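Two complexes follow with chain A in common, the first pairing it with chain B and the second with chain C.
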Partner chain A sequence: MSSKTKAVKAAAPGKKTPLAAKIFLGIVGLYLLVPFLTTLVYSLFVEWTDVLPSGFTLRNYAELFTNSTFWFSIGRTLILCLVSVAITIVLLLLAMYVVVAVNRRLGRFMQFVCMIPYALQGVILSIGIISLYTGTGTILSNRMFMLFGAYTILVLPYIYQGIRNALNAIDANMLIQAAEMLGCGRFRAYVQVVLPNIVSGILVSSLLAESIVFGDFVLANNIAGTNYQNIQVFLQANMARSSGLSSAIVVVIFLVVAAVTAVVLKLQHTSQKQ
Partner chain B sequence: MADISQAGATLTADVPVSGAGRTAAHASAEKARQPRGRKWVGYIAFVPFLLVIVGYELLPLAQLVLDSLVGKESGALGLENFIKVFTTPLYQQSIINSVWISLVSALVGIVVSFLAARFAYESSERVRNAFTMVLNMMSNFSGVPLAFAFMILMGNSGVLTILGERWGIPFLADFDLYTGEGLLVLYIYFQIPLATLLLLPAFSGIRKSWREAAIILQASPLDYWFRIVIPNLMPSILGTLSVLFSNALAAYATAFAVVMNNYALLPLQITSKFKGDVQIDAATGGALAVVLIILMVVCTLINNYFTKRASKGREII
Partner chain C sequence: MAYIEFKDVVKRFGDNTVLDHISFGIQQGDLVTLLGPSGCGKSTLLRCLSGLETVTEGKIVLDGRDVTNVPASKRNIGMVFQQYSLFPNMTVEQNVAFGLKMKKVDPATIERKVAEAIAMVELSGKEKAYPSSLSGGQQQRAALARSIVTEPAVLLLDEPLSAIDAKLRKALQSRIREIHQELGLTTIFVTHDQDEAMVMSDVIQLFHSGRIEQAGSPVEVYTSPVSEFAASFIGSYNQLSASDFTALTGVPVPQGNVVAIRPETIGISRERPDEKDAHLVDGTVVDSTPRGNVLRYTVRLEGGTTVFVDVLFRSFHMFDRGNKVYLSLPERDCLVIPVNAASARTAA
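On to the complex of A and B.
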């Protein structure tokens, strides 16, 4: 791959971007950026009822950052992100131990059930869980249980993929056999030899999963609604009330997710280089 | 998203794992001490995963199927709910609207992103990297924030709406975001970055020598594109198309933020049956959900088929 790109470069030194490409990519890029940029400008001005906005202000941000409901919803969102991703990682690492060290045939089953949420996405998942547990009167009908359960399933495909790729990359089975020969138990070998080697591989997919939970509206709205407002539900609730405040929320959400994405891209880039 | 759906390969074939390094005596002694018990103990680590999968993925799905099969009026097992769904105008319209918006947004998305991927592939590395960066960042801009941004832009007193009135551009001035066409514009927006990110890698399979060979054989640029490049990329294009289609089909947040429940769209109707101001109607909701599930599963199967074909094609080259 790299040799090929080098060859192309060598054939056409100082290769210029064709004008048509520049124009087309410029238009598409602009089209993609305009909605966010408009929101950004909108959040920084008092009013925009003419061609140009008027009255630069940071009022919307001041109002947002002094709003305790905002901080509570951010806190709830972070709890949802961290706890559900952590649960999924632990569940998958335990299950993958069985696949790697006890019975490889379970791998197919794992792959199948881990890909189902990817195909179904939020609406079906949340509705199924509501329909199953609401009104059963058990602890399972507690909205928090339903919510964490749903998020655990939602991020399953992404984290599974990350862990599986990482395990394949280091040949976990070999490592465990080698440790066993040296007199180490299998589970201990898995925890002390395999896991430290796949941490960086899990990191990228976990961050991706965090940004998915952070951006989720469907599960939070359907299962918890106003009982446990996350940042997206908070935004939706404020949209009709104050567009200035809402535009500031949109900017904050976007910047957080963009920062996480930038870290993911950076990590992927460095791992590719290695 | 792309790498997930393209996860074709399964784990490597079964290899009997045995302590190859142990002496026979050691192994037999251990066998005597731990007869089968050890193997059984190993499965314990699988139990928490299994419980969560069953409790929050498989049983909820089974519950929806059950909901759909228990008749709303009769209470008996049967297809009563499905007959109702397919004969009630509102639900018919929801299915039609969902399929229509998904299909049109996927088609427009694939055409734009095919051109974008093509131009990005032809560009210098610097331009390509910058463009990919924009795609990655903006592919996160979806759901409620996206809906809000479009309201500011094209809503009743949106910036573009005002500009349209000022400058006499009827398309902008009269544009109504809160209709099917409005949703379509939103859906197309979130399809483009996703589609381009999925299509870009496929272009690296196009060899420079093919173009040279085609020119030598006196093919016109049109021939080159329609007889060589597009047929070669077809598995990737169709696979991406099915991802886009199911992506739009299941989208909820964007639509809900714009039209609430006031539009006949499958995800909106399903949700309103289980959660809403009106009474819960699990029977109808379940049947609608099963219709959506079937559409999604068909899309996934189509995508898997084309992903496998695409990777096969690469191996031959």
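On to the complex of A and C.
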């Protein structure tokens, strides 16, 4: 059973999804899958110059999976995702503690600051970071750390929105006050009472952030290029070589993102059940 | 010396003075209600006592200890909020145990006290339930159990029943009153509902515009309002201006006062009654409204003034619209009270 169907059943127990809705969902799902399926088919055939493709092959995948550069690119991209998203979550949770429990007026300032990255083009952000930190001789002049920093900024608005909405949904300030009246300090209340209730919101926003980092080419190419090659830069480097191979790379990227999404959704489901 | 003392407490938010030099004391074991309309400062005073708000000026003393600048978590005060504020990720049992865990009470004692508190609020069987699966009344009872289980020095209830339907509210009012009597806990109850205040309280502190308008037992406040505001907020008093009352009865009333008369003290009859010690006026019934076991007539008097008259709802003795009637206003129930300054400002 798909997660969508489960969600519908959970929302309206005992009611069946109408057939028309199922058909509509099926059509939309198929439409959204068309680009992926076409790419998958393209990556599995020798050539596709006529109406139908010809010559089934797994050569592209064999070549890809035996290429260590590919695996390193995948690994680097996952590390970039995890580290930058984790840094953003920790920084935002600390900042939002101040907003929720100490000074609520700072909320508007936080919102303004966190929305700025929306307006930043990737090229501008990458050039800005490079010109600021290159040659400073600090750890921040390292291209890898620059990339971590850049992604931390890039995902800031998405994770901020998720955390803020989750905090508003549970009326975090009121929960902290209730915990305070029971002898609990504010920060402890934030950690013990508020955070467990916004895990779901954090996971969903980190999922969105993860897909953004996975799909980025501009920042990775401008800041690190082949010094710290991520999967999109690897894809770009191989596009000219073989269209079949690049299709296989796209398919694998899709499957990796889908796998990460599945894990996060599973975690979310578990936390909701708890 | 009082158990809780508010000494000249002032609270300002910017230029807005919410509490204006509040001073009064609360005796240990009393159930005191802070009553007043929205925005009068009653909840703010409660939050100042709890430590969730700081006071701008003045002092709060609890059991001989100045707690004005003590953090909320160190005051040993229990509080039930209007929005329940149960922790959504914890079961009823875990919610109730939270305060005891903060106090580092041993697990066996926690288990015993939690069970007792849950039984006291009649939630046995719901220990493992999460707040989302409870009704509003059950959630509020769980919040009450969570607040009393730590045996606080004072229990604060901030409009805890305002989001609950009327029938359940009455049942919970009784249960809170019973628990207060069982535990002997000093309790402060905030409400804007005068009926609730009458049912619950040992003492009512009536708030108006950041000040205490009147304090006393429910009977005192109900029968002897000290100002026009108190009369209008408590008991649906009829209020006649000095000139109207003089024109109707011939009795002179000093300007700057109103005459307040409770609707249930006014007699109503078709024939002119032969009553001593009462002012007789005639009028016309313009409306009648059943209010449970009481029927409320709206009667227009000479000069156009209307008054309410409450009588027991007896079907054999009813008046129709347009009936000419005589009203008797007992002299001792015609209270001459000053127009309070705040109301005069509003009217102006």
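We adopt the following convention: the second predicted complex is superposed on the first by the 212 of 274 C-alpha atoms of A that agree within 3 Å, B and C clash if a C-alpha of one lies under 4 Å from a C-alpha of the other, contacts with A are read in each partner's own complex, and residues count from 1 in each chain.
Quick note on the criterion: a residue touches a chain if its C-beta (ideal position, glycine included) is under 8 Å from a C-beta of that chain, and two chains touch if they have at least 3 such contacts.
Note that the structure is a prediction, hence the values are computed from the model and not measured.
J.: Regarding the shared-chain residue A:H269, is it in contact with chain B (first), chain C (second), both, or neither?
T.: neither
J.: Counting only touches as set out at the top, which of chain B and chain C does A:D50 meet: first, second, both, neither?
T.: After superposition on chain A, A:D50 lies in contact with chain B alone.
J.: Give the label of whichever partner, chain B or chain C, reaches more residues of chain A.
T.: On the superposition, B touches more of the residues of chain A.
J.: Looking at A:A179, would you say it contacts chain B, chain C, both, or neither? Reply first, second, both or neither.
T.: second
J.: Output check: A:R241 vs chain B and chain C. Expected answer is one of first, second, both, neither. What do you get?
T.: Neither partner.
J.: Applying the touch criterion given at the start, work out whether A:P196 contacts chain B, chain C, both or neither, answering first, second, both or neither.
T.: So A:P196 only meets chain C here.
J.: Please identify the positions on chain A that touch both chain B and chain C, taking each partner from its own complex.
T.: 177, 180-181, 186
J.: Please name which positions on chain B make contact with chain A in the complex.
T.: 3-5, 7, 10-12, 14-15, 17, 19-22, 39, 42-43, 45-46, 48-50, 52-53, 55-61, 63-64, 67, 112, 115-116, 119-120, 122-124, 127, 131, 133-138, 140-146, 148-153, 157, 159, 162-163, 166, 189, 192-193, 196, 204, 208, 246, 250, 252-253, 256-257, 267, 270-271, 274-275, 282, 285-286, 289, 292-293, 296-297, 299-300
J.: For the complex, give me every residue of chain A touching chain B.
T.: Chain A reaches chain B through residues 1, 8, 11, 15-18, 20-22, 24-25, 28-29, 31-36, 38-39, 42, 48-51, 87, 90-92, 94-95, 97-99, 101-108, 111, 113, 115-132, 140, 149-150, 152-153, 156-158, 161, 164, 168, 173, 176-177, 180-181, 186-187, 211, 215-218, 221-222, 225, 232, 235-236, 239, 243, 246-247, 249-250, 253-254, 257-258, 261, 265.
J.: Using the touch definition from the top, list the residues of chain A that touch chain C in their complex.
T.: Interface residues on chain A, with respect to chain C: 170-171, 174-175, 177-186, 193, 196-197, 274.
J.: Which of the residues in chain C end up touching chain A in this complex?
T.: So the residues of chain C in touch with chain A come to 50-52, 71-74, 76-79, 81, 83, 85-89, 98-99, 102-103, 146-147, 150.
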